[in-house]
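Following are the structures in question.
After this come two complexes, each holding subunit A, first together with subunit B and then together with subunit C.
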Partner chain A sequence: MNAILASERVASEHEALITLRRERINATLRYAVLFTVGLVMLYPLVWLVGASFKSNTEIFTEMGFWPSQFDFSAYVKGWKTSTEYTFATYFLNSFLIIIPRIIVTVISCVLVAYAFARFEFWGKKILFSIMVGTMMLPLIILRLPQYLMFKEFGWLDSYLPLIVPSAFATDTFFVFMLVQFLRGIPRDMEEAAQIDGCNALQLLWHIIVPLLKPAIISVVVFQFIWTMNDFMGPLIYLSTVEKYPVSLALKMSIGATEEVQWASVIAISVVALLPSVAVFFMAQRHFIEGAASSGIKG
Partner chain B sequence: MAQLTLHKIEKTYPNGFKAVHGIDLEVRDGEFMVFVGPSGCAKSTVLRMIAGLESISGGELRIGSTVVNNLQAKQRGIAMVFQNYALYPHMKVYDNLAFGLRLSGTPKAEIESRVRETARLLEMEQLLDRYPKQLSGGQAQRVAVGRAIVKKPEVFLFDEPLSNLDAKLRASMRVRLTELHRTLRESGRPSTVVYVTHDQVEAMTMGERICVLKDGTIQQVDLPTVLYERPANVFVAGFIGSPEMNIREATVRAQGAGLVLMLGDVALPVPTVREAQLRPFLDRVVKLGLRPEHITTGAPKDVPITPVEGVLRLIEHMGSEVFVHFDVAGVPFTCRVPSDQLSGIERRARGERHSFGFQMGMSHVFDADSGRNLFL
Partner chain C sequence: MYENKRLGLLFVLPFLLGVLGFKLFPFVMSFALSFTQYDIINPPVAIGLENYNELFNKDPLFRKSLGVTLLFVLFSVPLRVGFALFIAHVLNFKLRGINFFRSAFYLPSILGGSIAVAVLWRFIFSQNGLVNIVLIKLGMDPISWLADEHFALWTIVLLFTWQFGSAMVIFLAALQNVPQSLYEAAEIDGASKWQQFWRITVPLITPVIFFNLIMQTVHGFQEFNGPYAITEGGPLHSTYLLSLYIYDQTFKYFNLGYGAALSWVMFALVATLSGLSFWSSRYWVFYSGEKEPQR
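So, the complex of A and B:
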């Protein structure tokens, strides 16, 4: 009897060992695959940072990302640019577009999303489907009519064509995102606030906006990155170099001289990346906070 | 001076569904009125119409002497406690309480004193600096009640406020809320309360009067004891009381000079005083109702009983009392007896026969079609 029990125990221990080993092999494989794929995806970025310290010849002859020397002269040269302005001007220009645009986007999109999510009005369903429909529309087809329109307004070579459309909640993706977020928030709090004496706008300001905070932060981050990276808009509407944002200035530094100083272009590209990366990492905590605790407990 | 008057109140939804069918009800000033009914009986809808969160399709609603049909929620002088508390998650408890007062432009010093006073009343002064997510269920519940009290409303509305709490906490909050209502009354601040629940125990213990609702119509409005002892119809009889009343079909027959109710081949005599009321139903099927505590397992000396032979199915021990499930002529019955008056039934095996005592003097008879209580 005891012998049977003992042999059974040995067998089960053996089985446990096999399971343990299999799990270890699985984990190793999993991490190896993840690491490889991650490296492949990140490598261009790593290479970019490395290349910003290299000389022109080294960029095209060396495969590795590690530079032979850390030479910051490319950054200095790139920052000065071949124009009369430094990149400080171009960064300032970018922020002059981005900041007003984010403000009007958040205000208009929250208002429109609030209406769609919380009010009953005539034609609501059809209007909402039209709005979602415009998300499918390739934006490039609107460029020509928009250009003609802004030309009539006399807004060419100003930032207005890049900012004003956002004041009318034309970034429908954000409206859609906010509506979906609002639909997930129970209405009790709004009803309680209604009884406490809020009118529709007070409700929006005191209750909805604080609850929407994580979604609004997402809107800010996306709009920041997209506007920072926007090339087409500024290219079409801006003609004075003094008003160029970073994206256009970068392009200009490639074509301006006969022999392209690749290291400078790359160095400035790295600098141009920093604001977006910084904004993303600053906001990341709020993304997580928003997802983890909505503060609504049953 | 906050009497609440509902006159032929109706609710029809845009899709044509009629949820509330002309309700007439008067809640007196300072009264604790409970709306009770199964889910879907429109009790919450009526409450939300009183609160102004739901439009009124027909009829007239008065708070005090003012018709409030078309007034907004904030103009009605009400406060509401929601089932899941609906605290503002981004505000501290203090601000949750102060929010409504700030909106109405109350001076800062008065807000401060009223919030502190309310916190003292509800013993939650130590919670004022916390956020809602740092509160336990019972604490959040108290804050929700505090948010209603601090406004000094004319009418308090409660929408199943205890149903998210565990059983133990629910029982203690039940007592707290009832005491709070009496305390406010004694301190010269009588408050009219409308309290919605689906739990008949809450209704019976808390309500000064109870309004039983079913499918958007009022079944009966009365004192808890009257509801229990003299239910207006078969629905109220079945809904109020736990374990629920035994309601079984029986046929009225003449036997000798009197009447009997035939339950299969078992004859149960109709009390002499009730005979006149049952005479018109001779040879017709009616519903016999008998509460579990009006069936005994022995033969007590002091109450008149009709001995009935039953087959034992199951005994449930509840501590101080015992629920006995048994069949009479194939029809299931439940009786409820104190643990010290079991008369030997606890030694019987499942399927054995035992003599039960039916107190027919306490029975009710309902119309089989309309459900009306024929003894009223």
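So, the complex of A and C:
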């Protein structure tokens, strides 16, 4: 009797050992995959930063990212540009587009998401389907008519075409994300506040907005980075170099001459990526979760 | 209060105006313009189906561009989605540093659309760039990635695949919702990891696979910054995606009617593909709560 029990115990211990070993191998394998993929993916970015300090000849011969000598002249030269403006102008322009756009996006999208998630109104279902449908619409179809409209309004060569549509919650991805988020929040607090005599706007401001904060941060971060990256919009609407944002100015610096001044172009590319990277790392926790939840249909 | 229909309508009003003014009206207008000849200076002239006739029967560049676009979408979308699922699956494990890896893999997907990354790409694939330096160190011959029509498109496909992070985090969230008990039960029944992945994981996340495939296909058709800034459509139009052709016709040559017709062909393509996926989804997408697949 005892012998059987003992042998069973040995057997189960043996099994546990095998499972443990298998889990270790499993974990090691996973780490190996993650490290390899991560290295291949991020090395170009790391190398870009290193290359921005290298001399022009070293860039094209060394695969290591550490420069043999730190050389800041590429930054100085790139910043000055070959135009009459420096990148200070172009960065300022980018922010002149980004900041108002973020503000109007957040206000309009929160309002609309609030309506969709909480209120009953005529045509809600159809309108919601239209919203999801426009997320699948290739925007390039709309570019030409929008251009003609803004031409009629006399808005060409200004930032208005890049900002005003966002004030009407046309960035439907954000509305969708906020609606998904709001649907997951129970209504208890709102009901309590309602009994205390809050009206809809007070409710929105005092209850909904604080609860929505993580989702709103996602909206801000995404809109910041996407507007920073946006190239086609400014390309179509802006014609004066003085008004160019960073993306257009950067393209200009590689398109202007056949012989690209790689060292300075690379240095400026690094600078151009910095704001987005900074915003990303500041808010990554919140907004990766927000981005993930947008894919789950509620 | 939430039953107050007027209040709800009031809050949704910005969107209603926005979608009518900035989406639906341009959408219809672009359709109307596709039947005209319009150079922005003179008023549009109705020419019936002439634009469509021209592009389907007399425009070899359109055919080239269409072929390049389909090739691009056919490879880059499955690669991006497949890679996203693979990495999400590897990440979906109690690993130390999972948040670090998640951020690291996500980063390219938000920077990837920028011109700065296009510069980086152009640079690492240039004749003396990083990729060729590595090839030479490995004892291979360097390749003219961006100057050879057989390779240029693949650098753009690679750039698109590189940005798999946004699809990955969506997959990861879905994977974390798959009940652990199912795997434990399968383990007891002796199912291998491979079987578990195909028989449990994949069926349970089909809605998310479906969502990612559709969204990424729409993104794929719209890819513009990469080919515009890296190869400018060349060499020999081998990276001349439809989006570039539409842009050129519309805003460079000011053939607005023709550009509109081109963009409607793209829309028809995207709509057909989405329609097909929705139709096929009845057979392979299972939503939780259903006892068995719909027939």
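Heads up, the rule we're going with is that the second predicted complex is superposed on the first by the 252 of 298 C-alpha atoms of A that agree within 3 Å, B and C clash if a C-alpha of one lies under 4 Å from a C-alpha of the other, contacts with A are read in each partner's own complex, and residues count from 1 in each chain.
In this text, contacts are C-beta pairs under 8 Å (C-beta built on N, C-alpha and C of every residue); 3 or more make two chains touch, one makes a residue touch a chain.
Predicted model, so just to flag it, every value in this text is computed and none were measured.
In the superposed pair of complexes, A:Val112 makes contact with subunit C only, with no contact to subunit B.
In the superposition on chain A, A:Pro186 makes contact with subunit B only, while subunit C stays out of contact range.
Once chain A of one complex is fitted onto chain A of the other, the partner contacts of A:Pro44 are limited to subunit C, with no touch recorded for subunit B. When the two complexes are superposed, the chain touching more residues of subunit A, out of subunit B and subunit C, is C. When the two complexes are overlaid on their common chain A, residue A:Asp71 makes contact with neither subunit B nor subunit C.
By the touch criterion defined above, A:Gln194 reaches both subunit B and subunit C.
In the superposed model, A:Gln202 lies in contact with subunit B only, and not with subunit C. Residue contacts after overlaying the shared chain place A:Ala167 against subunit C, while subunit B stays out of touching range.
According to the touch criterion, the shared surface of subunit A, contacted by subunit B in one complex and subunit C in the other, consists of residues 194, 293-297. Touching subunit A in their complex are the following residues of subunit C: 1-9, 11-12, 14-19, 21-27, 29-30, 33, 40, 87, 90-91, 93, 95, 99, 101-108, 110-111, 113-117, 119-120, 122-124, 128-130, 133-134, 137, 162, 166, 169-170, 172-174, 177, 207-208, 211-212, 214-215, 218, 221-222, 224-225, 228-229, 243, 246-247, 250-251, 256, 259-260, 263-264, 266-267, 270, 274. By the touch criterion stated above, subunit B contacts subunit A in their complex at residues 51-53, 72-74, 78-80, 82-90, 99-100, 103-104, 131-133, 137, 140, 147, 151, 164. Put simply, subunit A touches subunit B in their complex at residues 186, 188-189, 191-198, 202, 206-207, 210-211, 213, 293-298. For subunit A in complex with subunit C, the residues that touch the partner chain are 26-27, 30-31, 33-34, 37-38, 41-42, 44-45, 47-48, 51, 60-63, 108, 111-112, 114-116, 118-122, 124, 127, 130-131, 134-149, 165, 167-170, 175, 194, 199-200, 203, 222, 225-226, 228-229, 231-232, 235-236, 246-248, 250-251, 254, 262, 265-266, 268-270, 272-273, 276-277, 280-281, 284-285, 288-289, 291-297.
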